[in-house]
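Below are structures written as structure tokens.
Each of the next two complexes has chain A plus one more chain, namely chain B in the first and chain C in the second.
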Partner chain A sequence: MSLTPAAPLLSVENLSISYGDAVPLVEQVNFTVRRGETVGLVGESGCGKSLTALSVMGLLSENLRTGGAIELEGTNLINLDQKALRHYRGNRMAMIFQEPLTALNPVLTVGAQVVEVLRAHQPMSKAEAEKRAIELLEQVRIPDAAERFHDYPHRLSGGMRQRVVIAIAIACNPSLLIADEPTTALDVTVQAQILQLLKTLQREADLGLLLITHDLGVVRQVADRIVVMYAGAVVEEGPVDAVLDNPRHPYTAGLLAARPHGSFSVQGHRLLDIHGAVPPPTARPEGCLFQPRCIYAQDDCKAVRPQFTTLEADRAVRCFHPVGRQD
Partner chain B sequence: MTTVLQTEDLKVHHKTPRGMLRAVDGITIHVDAGETLGLVGESGCGKSTLARCIVGISQPTEGKLTLDGVQDEGKGINRFARARAVQMVFQDPSGALNPRLSVGRIIEEPLMVHRIGSKRERRKRVEEIAKQVGLASYHLKRFPHEMSGGQRQRVSIARALALEPSLLVCDEAVSALDVSVQAQVLNLFIDLQKRLGLAYLFISHDLAVVRYISHRIAVMYLGRIVEIGPAEAVWSRRNHPYTRALINAIPDHAVGKDKVELLEGDVPSPVNPPSGCTFRTRCPFARERCAAEAPALRDRGGGLQVACHFAEEIEASNGVDQTHLADSATAKEVRCAS
Partner chain C sequence: MSASPTSATRQTAVPFHFLSGPLPRYVLRRLSQAVLVLLLVIVGSFFLLKMAPGDLVDVLAGNSDMTAEQMAALRTQYGLDQPLLVQLFLYMKRLVTLDFGYSPLNAAPVLDVIMQRWPVTAILVASSVVVSMTLGALLGVVSARNAGKPIDLAISMVMLLFYATPSFVIAICFILFFSVFLGVMPIAGFATVGTQATGLAYAWDVAKHLAMPVAALCTFYIAIYGRIGRAAMLEVLKLDYVRTARAKGISERRVIYVHALRNAMLPLVTMAGLQVSALVGGAVLIETIFGLPGMGRTAFDAVFERDTNLLLGVLFISSLSVVVVNFIIDLLYMVLDPRVELT
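Up next is the complex of A and B:
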């Protein structure tokens, strides 16, 4: 496949996911991931982050309808049937899940699980696959990989298990890696190790990485660009430092301000919370989706849903009255 | 100030086929009225076991526990008296609330168990408590599944407050909540403390949360306290290498990319902990003395106590380029010797 360097690896255009005809879960989601780039997809639970990721992988449950386009290296995945998709999953794109203990099969050794993926996608003898599996376990920095190969998942710590899941994901050299909250279940010291591993692997193989997380600190540390979702729609997008230093959407600004900072006993400050909660898909408001929780909401926000508009090069926001500085 | 919780050399040991598991191994802490003691550490360090001992879900194998002036010397504290002294708020409010009871009934239940007031008095009290935690009276007729995660956590807090305890043990009470809702609940904890003079033992793996809400912070590693002191002293002086590693591992938006100091490996098994200082297997500063001699908590001034032989050196090196210290040949040797 010939690709100009500028062409995105993954391009999601006008993606919508709905339950039946009546309940839209995700609406008008647009973003791209380039080779070697990390895109952080952030938002609170119920914002549609994981649904978006699952739709890229073609793993949504059958009763959900998908519209729009999901193009991986120029092929629209939405039109593909399950058989054709299987060629893409694992080979061209792979996913890392939040909870390694449920992502791994408890009755198979970790080695067998890596071998299984290798042989499912590539013509390989058992011996070749085992050799390659041990290399992969070494690549994700598992000490004594040849011995750990024969261990069952329960024998490993949470961090080691997540390394195995990552080894499985990169086994067939995919070009796109989707990581759905890969460090949320881990301790902070182990989280730092796994994030560093992901970055190293990405650099080595020039991977496109779509990182889904609720943690703005993780995004800041790892991602190049950030896509903020709220109630099923993208509300802000841009380079990670620009967005987090100067958020333009009130929701992004609110998320940043709500993070615990400083010490109450010393400074005596309250945290700036966002009142209310994310509305469920069945009760999304008229006008702007964030309007009922927004302290800047005006009459036009309640009447019309704002479009996703480009503010300046590489930055866009879905808001009539953006906050922050105009650069 | 009155002390509402005092533990002395509290231990919880479990016999396992592989040897004695020292989940909690000699914890001495106290919490005063109106004060928040934050307890941090990685999973498996014994934070939750300690919490369960204090509220009486598990029994300590050794040590003294005093709650609201009532001492437990092995026989246990009367569970009614204990329930009035200490209550617990759990991590997952959906698991902690009975799905078949209405919110009003959930909050009323402790009062019924303790035979407090007439039916009408109890209903009135339930409405008062609900108001205190920011629930409206129409919420009382709802069931837990009809509420959001944040509201459910408010119900858990309301139930915990029903008997007017002097201490709340909050075990990861805001960890399952989204950040905007987490801020609401943290603000609520602070308001309630100011209004009711409550004391909190606030357990979390999230150091930023603990720093925000706590007056004092205790850092636990493998069943022991390795550092304890005023929140800002623990946070900014970083005398213990473990505290420093925990803080440095936070992906903070103020910290630049690729500047994270990594701690190698995982927490060792509490069944077979390393000799001497239990942190030495992961410590970038470890030397021979650390393998031979277990450091005891010692005073470092300003109310700070640290269990590390080289606390002075570590404090002095904070903020300085540590590349020459970290991963020195001796440190590696001591880490590898088991």
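Up next is the complex of A and C:
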């Protein structure tokens, strides 16, 4: 590989996604994912997390336009047509979806769906692909994999189906794995197993993992770095512990304060919330995107949109008046 | 009905244990339903036909001078003087041995007549189901993938035309254009009269004769399949597993035809069942226009000649075909969608 160790696996630069020419859904999104690193992409519903992920995969619907750059291992994916993109999809990068119950085709066997992706990208005979598919099902800890191979998805539980989706994703040894709320639809115990599995697979294959979630607990457990999005833009980025222990953007701080924690249940503290709701793309405010909901907002916040600025070594924030400690 | 074997198989130790799998149990249940349906068809159509004024002897008498005595003698000969219930009983008794009686109109046993005519309708119906479903599904896929674009609009307009034009009008237009004006297609019949051709040459001859009737029968259904297919594809293309398929990096053609269309086929298959039911007896017009000796025209002629035996036979075989086709459709459902299970 010609890449220097420092070069990121995935680099998203100044990404914008818009509906037609008029309405920008996502603007000025910048982040990177390095090999072997887990990046948690967090934010409320409707802030553009999934759109960002889908744009990396090239799976946005046709009426959405993307701008900026999405570089995977040095190739800008944005300029590629669908045919060229197919070589990367499922092969160099793969995606796990939120709803395991609907992510698999109900009329094809689990095995056929794993075999399909193998044969799409690797010169394999049917028998070889079947053997490899069963190995993959074993690798994602599906019991009796050889028998489950012939089952249809409706025979499997949600957790098992998510394992199949993961097996499909890792089948061709991708270097980037995108997981869009992979555990949201699952029971808490199953959630932990799936996260554990993702971590193990990541460590074994040195995968770059982009984990999209709104669960800050999951991010703390799994991720190395965190990217916080709000209303279609990245508002804060940094190492997980640093950001969660000392959030600098008022929105991140608000998200953290809005989580129920120990004292909430024991001492009956009031749960803090962020006043208002995420503005829809058609009604984004002047100045700072968060300013109408921000308790620290001042006059300059209402006038000018703040740039994404580096605070220290690996932390950046889009705010004129960062909160928290200055390290 | 005899003691139901289906209920007996629910217990574990039963004499019918070989019938206890889901498939045999299902087949048995469907079979008993089918018998009931056919019984109702026979009894119902028998009384309906007897309620109509006039019988075979009236028709025969109308064609030749006949005295009242001769007519009475004929009625006795055909058993038409018996009370209705006795006639029904005798008819059913003969039916058990597959004896459908005698058709005075054709001067042959009803079964022979039907055996001769049934294949014509079967080929006609089967061809039009296959052709209209294939073309309809393809048009549905194309318009769904280009929803809202000019090509979708164009297809919609053509399909509206197909939908709104009666098949007999299309049939006559075909005859005028291809047979009369261009002179390239045979006007009528199932095969060239007196043809000695065998094998492929005969098949080609029949295909040429059936092309226009099949096309005329198809147009309406192409429109129906097209509309259903378009709606089903639009529905399916939005689903998560289609996105999963795209995320695999497989070709768009595979995404459409392997992942999406397979799921969108279910409503089309339902429609195929309805189409077969409608055409088995309902192709009268087309069979008449193209001079095809099929079931529809046989029934039509039988009505006018008061040939009750023949008409009952046609109705029985037609309903049997519909029952069998519906059963096949249900089995097809299971093949297409593994979530459908035998109940």
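FYI, the second predicted complex is superposed on the first by the 321 of 327 C-alpha atoms of A that agree within 3 Å, B and C clash if a C-alpha of one lies under 4 Å from a C-alpha of the other, contacts with A are read in each partner's own complex, and residues count from 1 in each chain.
One rule holds in what follows: contacts are C-beta pairs under 8 Å (C-beta built on N, C-alpha and C of every residue); 3 or more make two chains touch, one makes a residue touch a chain.
Keep in mind that what you see is a predicted model, and the values were worked out from it rather than measured.
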Any idea whether chain B or chain C touches more of chain A?
B
Is A:Gly217 touching the first partner chain B, the second partner chain C, both, or neither of them?
first
Is A:Gly90 in contact with chain B, with chain C, with both, or with neither (first, second, both, neither)?
second
Partner chain in contact with A:Val117 - chain B first, chain C second, else both or neither
second
Tell me the contact category for A:Tyr152 with respect to chain B and chain C: first, second, both or neither.
second
Is A:Val243 touching the first partner chain B, the second partner chain C, both, or neither of them?
neither
Quick one: classify A:Val140 as touching chain B (first), chain C (second), both or neither.
neither
Complex contact set, residues of chain B against chain A
36, 42-43, 148-151, 178-184, 186-187, 190, 205-209, 211-215, 231-232, 235, 245-246, 248-253, 255, 257, 260, 262-264, 266
Could you please specify the touching residues of chain A with respect to chain C in the complex?
57, 59, 82, 85-91, 94-95, 97, 99, 102-108, 116-117, 120-121, 152, 154, 165, 168
Residue ranges of chain A touching chain B (in the complex, touch as defined):
44-45, 157-160, 187-193, 195-196, 214-218, 220-222, 244, 254-256, 258-266, 270-275, 277-278
Going by the contact rule at the top, pick out the chain C residues touching chain A in the complex.
239-241, 243-252, 254, 258-259, 262-263, 336-339
